[in-house]
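The following pair of complexes shares a single chain, subunit A, combined with subunit B in the former and subunit C in the latter.
What follows is the complex of A and B.
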């Protein structure tokens, strides 16, 4: 659904690239996480893919449309949720969605259904200007689904939301995946990416350093050990054992068979730890 | 249809916004000024302060002439307060002048000084001829001083005879003069439509930019030109409404309304497109303020030429507000030049279209700026 080949972008139109030689492909129905610290080039890449920024160098196709010569029809298939809420403050939540649905040439979703989905049904008649930051964010998020997009751009979709609302947003993203919506998610929140993404790309200083699935990355970069706490002859015993060494594997089996296990954890590396290991940079 | 929906949304937003009511308020203020502050015609009669220090027979003869030309034939006694002193004068009012007759030459000097007007003391010289002593303010032109000297060098009867002997013919027989009140309307309409329209559309764009709304619009299947045009339409509609608020009560059925609407639409479109173009060069209203200020000052220059016809350099005709002012004037005149208005409308429509195309091109590339 999205193909990017040798993408470059410079705001100063010289050799100081915000994005350098970026290439990747995203399949239909995939949730693709674009991860990196602030200023890494995430928003620039997303801006080019969504047609907000002009393509300077490279090849980009989105839903079969060449981004070099953007057709307005392309936007019928695109939904975009911005990190900064950008709704009409003087219009009510319903009026905001009702206006935007008229700007598409495809079948659109009912504003009230979307407001219900993001937990704003009781605020339909309230002006967006009276909303809290989180409510505005949800309205912006709801708007991005108004045209039933097949490609969905999400910029920090859960930033600033309380955990309960963030969980709702994650559920909606999962639901969209079931509908085979292709999602391009930019975030610096590795937990969200870990939970939602089929694949992630690490971008630092405008360059993509790595693309893989979170699971594969954990297997590749995580320490393959298990921490076990069990009741031994002299009370609580802690052991750290390898999951690949035959001797340790046999020891794990023995402990499980003969002792009361208190806790047992695989020592998986977090996506954040892997990011730091791969890029040598933190996420802030 | 998308343009229509965008227009309706802009209309809804502007009706809930600040600028729309500023424009309505400005129009109402203009209307009050036009109806209650600006008279139908300004009093163009000269005010003269005179002291007549002539022997009684001569004095009575001169005052008799003044009384003959007085509108009501009655001399009024008027007291004028100068600083802490009250000076009594005799007041004569004719169709051409208002004359205050001072009781003494010292009173005359005080009156001329306090009222910043020339005063004249009339007496007889040693030869028994009329002698005029003018008290001037110091800033009078040499031309005026020469005129005083000429008028004092001959007796009034022979001067009048010379004047009456001159034949004066107008080059144009159907030259129509607007009343002073009607004459201010074109300037007000130009200010209301062009200047305000240009400023307010730029303000609308900057508000949308700062709120990121323009980005949200850019990722819809609508186009940038529809977004920009919806704002132009709202500004043009507001211009028509606010202009009619002033014109209908002030001028009634005098203007050619179809022509007025056409001219308001085309000039409003031109000014809005100019505002759109200006807004494409800056990120915020603050940054654009200097450019808008310079443009407004430049657009105001033709107003000076409009009210002071003797100052009308050739280059001023190339400033767009010049034909706008002249166009509105022709619309108000009973026998106005409709072809001028139509031609100017065409010009503003073409120029506005070019500016709109240019600003559309610039805004398309600057959505995320």
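What follows is the complex of A and C.
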């Protein structure tokens, strides 16, 4: 459904790339996670794929449309939930959706049904200007589903939401997956990625470092992690180290030889730890 | 396409009826019209109201009733009392062999002139057939002050459409919703057309309201709208540019000086400059709209003249369009 080949993007139109030589393909019905710290180039990539940003260099096809010369019709198939919510503050929640649906040529969903879905049913007649940040975010998210998109772009869909609402959003994404919706999801939340994505791409500084399924990543890195707690120079120290990485193995040996070990056990690596291992970077 | 354009327009209209500032702009034409009526009372009805003595010279009364609204009173004192009230009654009272015109002083000059003309016509024994045409034409000649105010108000209300566009573009920018439009199937042209409709409907509504309220409903409205709408294109384009260049309404409204200054200048030139100097205002589209409107309001316009003026206005707007249109599209562009 989505094909990206050697994609580059520079906001300053020079050699300083926000996205550098990115390539990947997304199958129909797949949830593809784009993971990386803030500023990695996730939103930029998504902007180009959704036609919001002009394609500068590389090849991108979305649902068979070449993004270089986008046809407005393409958007009948696309849903886009923005990282920064963008709804009309002077319209009510229902009016926002009722207006937006009129812009489509395909069958659209009932605004009230969508509001119910994201837990805003009782706020249908309230102007979005009176909404909290999280509520606006949910309205933006609901709007992205109004045209029953077959390709769905979600930019940080759960960021800034309280855990209960984030769980609701996660359930909705699951539900859409059952309907064979192809989803491109950016996030820096590893738990969301772990639970939802068929495959994830690790992106840092505009470059994709790895693409694989969370399952396969865990098999590779599996239980080859140890948590060590020991008494160091300044009291208790805790470290997570790989048992396959040469540097980490040397480090484990060094700790055992020179310190008093308090606890030590192997465990399954989290996606976050794998990310740090692979990219050498944290996620914040 | 039409459905989407209408949706954009109706959304704007909905929001505009909820905000104080836009509600105010929406009622401005009506306020202007009411203001004009208050400022020029009695002008609406171009028939003269005469007060005369009952039974005195019935032939004269019968003749004058053909052209004026005649009320009869018992005696001269009653006539004087009636004329003395605030509205525009003019008395015709006997004195010696002839008659004199009795007025209060606040009546517009043209009413007095008209009364004098009627009286003279009767006295010279002009027959109805000879003089009716002349009299009717004179009676319909509308007072210059009122005509000017109506003309100015109509031009002004055509500019208000542009201000509404600015308001609505500033809103889209503040709410960051243009990006949502850009990922919907509405084309950029469709979006711009939808947003432009306010700049078309506002002048239509504004000029109709002003014409009807001030009693000019009988003029050639089609000619008037042709002139007004072609002039409105200019303020629509400026409306977009100001909306895209400004982040809050107040500074955007302030920059509408750009439109109001040539507008006021063109009117001043058309009214105050002698024929020899009129050309200084030729480059302002509003000058032609004002002149065209003036003919329409005087009911002396011809289609040839109106089409010529419209052509001149459209030509000028076309030039501005060539400069501004790419900037408008770029302003709504993707990054």
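Quick note on the criterion: the second predicted complex is superposed on the first by the 241 of 284 C-alpha atoms of A that agree within 3 Å, B and C clash if a C-alpha of one lies under 4 Å from a C-alpha of the other, contacts with A are read in each partner's own complex, and residues count from 1 in each chain.
Keep this in mind: contacts are C-beta pairs under 8 Å (C-beta built on N, C-alpha and C of every residue); 3 or more make two chains touch, one makes a residue touch a chain.
Computed from a predicted structure; not experimentally measured.
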After the match on subunit A, would you call subunit B and subunit C a fit or a clash?
clash
If you stack the two complexes on chain A, which partner ends up touching A:67: first (subunit B), second (subunit C), both, or neither?
neither
For A:86, decide between first (touching subunit B), second (touching subunit C), both and neither.
both
Is A:54 touching anything from subunit B or subunit C once the two structures are fitted on A? First, second, both or neither.
both
Return first, second, both or neither, reflecting whether A:169 touches subunit B, subunit C, both chains, or no partner chain.
neither
Between subunit B (first) and subunit C (second), which does A:105 come into contact with in this model arrangement: first, second, both, or neither?
both
Between 60-68, 78-86, 96-104 or 168-176, which run of subunit C pushes into subunit B after the superposition?
168-176
So which positions on subunit A get touched by both subunit B and subunit C?
47, 50-54, 72-73, 75-76, 78, 80, 82, 84, 86-91, 95, 99-100, 102-105, 143
What residues on subunit C touch subunit A, complex-wise?
3-4, 7, 11, 14-15, 18-19, 171, 174-177, 179-187, 334-335
Looking at the complex, which residues from subunit B come into contact with subunit A?
1-2, 5-6, 9, 12-13, 16-17, 211-213, 215-223, 365, 367-368
Considering the complex alone, what residue numbers of subunit A touch subunit B?
47, 50-54, 72-73, 75-76, 78, 80, 82, 84-91, 95, 99-100, 102-106, 140, 143, 147
Under the definition above, what is the set of subunit A residues touching subunit C in their complex?
11, 47, 50-54, 72-76, 78, 80, 82, 84, 86-91, 95, 99-100, 102-105, 143
